[in-house]
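Here subunit A shows up in two complexes: once beside subunit B, once beside subunit C.
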Partner chain A sequence: MANNSSNEKRPGFIRRIWNGFWSPSGVLSLGFLLIAGFLGGVMAWGGFHWALEETNTEQFCTSCHSMTKNWDEYTETIHYNNHSGVRATCPDCHVPHEWQYKVKAKIMASKDLYHEIIGTIDTDEKYEDHRLKMATSVWTKMKTTDSRECRNCHSFEYMDFTIQETRAAADHQKALDEGKTCIDCHQGIAHGLPADYLEQYKLIAEGIEAAK
Partner chain B sequence: MLDILGTIAGNILSLPGIFGLALGMMTRNLLLAAIFGAVIGVIETYIFAGFDFSQAEPLELTIAICVGVVAGCVGRAIRVRGATV
Partner chain C sequence: MRQPVLAGILAAATTLTLAGIGLAQSAGGLTSLRGAAIDEPVVLDQVFQQDTQRFNREYRQQPPLIPHSVEQYQIDLKANQCLGCHDWSNAGDRSAPTLSMTHYLDRDGHEMDQVAGTRWFCNQCHVPQVNAPALVDNAFVPSVAR
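== the complex of A and B ==
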């Protein structure tokens, strides 16, 4: 470093901070440091968590231009508008609740920012071109997690099969017996489907089952 | 790639990273610190697999253990550097 050459003994700026950081404190008591550290920790963690939750709202998800198409499709479906007024928003289906999987989902979503900026899916045509690929990754995730996000709200145990339509009740009983998961039958529950979705889904499901 | 990065970050910010660091700070012994971290990594994977090891993903287990070991060693370094006991 240039400013160091005149005085050989004096360590560099970063070195001095580093040494000071690891020296015992002469002016602050242990109690003071502990309380200050605790408060700093609460503020840092709280702030981090708050910021993370801000990115976990429907408003945030749909603030991107790229998401307008599937937002429009979703608003036609039962999870947006139904007789009971209970809704499932984008993060309900797409972001896990478990802390570490949630962090993982958030990190993976950083690529979405990049694709929003370069406009990978900024028109309906481009969206359709990419839909199968995008849907494939959602299906893969749901299939491997046994539709974990659906099960935050729905559960076979509390379904009254007697008041479901016959086809639903029969299929759900079959699903229980054969260990099937929600996404095996309920693709396109919130969005339009690409033309060849069934073949593609079959490939994914076979791949995952073979790997088990 | 993103998948692995995400898993690593998720582990740093949850049990292996934070408890690994804390436990590492409790010892001056590098081997012990690494073992503490690894154990936390195993415990976490076990909890998140719903207490059923057959459900645990090998890759997730490996990453959790690695993050735990690294966090334990960093904790041990903090202890050695920042404490006289």
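== the complex of A and C ==
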């Protein structure tokens, strides 16, 4: 073909792409490379996602000694034990669903390995000393994201205020009107509260409001 | 010389153990914690619902009843979630009744801005109200005639 290409018409654009696609690159065809690449990509991405989800299980979270105290506190709350049997597990509240936020949270969480190794909160006393600091970081996250993780399950849109307790219905209506977020009232729903929690929370909320 | 003695001790120990087990089994028989026979089903208590209306006090010093659920509220050395609404500093915002001012007096009668330590554990006196029958019969007569 090459020797008479000078007097033959040059093939069309689509034909040239088609030929190029199936012409060998070394030993393997470009097509084979693409298909193998695609399948390999699926496997790699699936494997990555699977591994990421494995770190999103209760068993994984509580496999560290540091997580036993907050786990025990959580088991006494409504998100663990309730009339309907629907539960919120650790990652439901602590790991965002959206990919970019999830990966960020996972990267941030790698510091927990360091603290588990040096034993930052490995006794009750140390845990109490750090309780406010840990609560502060979660409150800050919840406040700045408009309680994003709460809202994965809870939504004002589908709340029937008429079957709530009167005071809850009134306060939820007020929250809706004033643009408040879940964490503004619901601190300490899954873990114990530090001393002066309300004053501390108000300081954090004011700081975030001022920074806006 | 030694072996018969050892065998005797072993035999005595075995006999005593078996006899002890037998006696323990026959003494009194099995009873359940609630006094029902073991093959008799024990009916669970009914779940009673919260009463949400306001009740009059039955005697002047009666601590007011709580018209909402409180199971999930933390009241301990570190935090008291009741105060999140009922402390004088929050009650207005949350449209909740303020604590009685007697709860801000220390044991010597000095007025304080924070709730007194002696009044910290709300549910020592205040209890949620439910539509349940009295747990025990009693002959209580309210101070006020109804």
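Following the convention adopted for this analysis, the second predicted complex is superposed on the first by the 188 of 212 C-alpha atoms of A that agree within 3 Å, B and C clash if a C-alpha of one lies under 4 Å from a C-alpha of the other, contacts with A are read in each partner's own complex, and residues count from 1 in each chain.
Here, a residue touches a chain if its C-beta (ideal position, glycine included) is under 8 Å from a C-beta of that chain, and two chains touch if they have at least 3 such contacts.
The model shown is predicted, which means the values in this text are computed figures rather than measured ones.
When both complexes are overlaid on chain A, the residue A:Gln100 reaches subunit B alone and has no touch with subunit C. Applying the stated contact rule after C-alpha superposition, one finds that A:Leu193 touches subunit C and leaves subunit B untouched. In the superposition on chain A, contact is made by A:Trp22 with subunit B only, not with subunit C.
Shared-chain residue A:Ala170: touches subunit C; no touch with subunit B.
Within the superposed three-chain model, A:Lys111 lies in touch with subunit B and out of touch with subunit C [touch as defined at top].
Once the two complexes are laid over each other on the shared chain, residue contacts for A:Pro91 go to neither subunit B nor subunit C.
Those residues of subunit A lying in contact with subunit B across their complex are 22, 24, 98-108, 110-111. The part of subunit B that touches subunit A in the complex is made up of residues 2-3, 5-7, 9-11, 13-15, 44, 48, 81-82, 84. Residues 77-78, 128, 131, 165-167, 170-171, 185, 188-189, 192-195, 197-198 of subunit A touch subunit C in their complex.
Partner subunit A is touched in their complex by these residues of subunit C: 50, 52, 68-69, 72, 74, 76-79, 81, 83-84, 90, 94-96.
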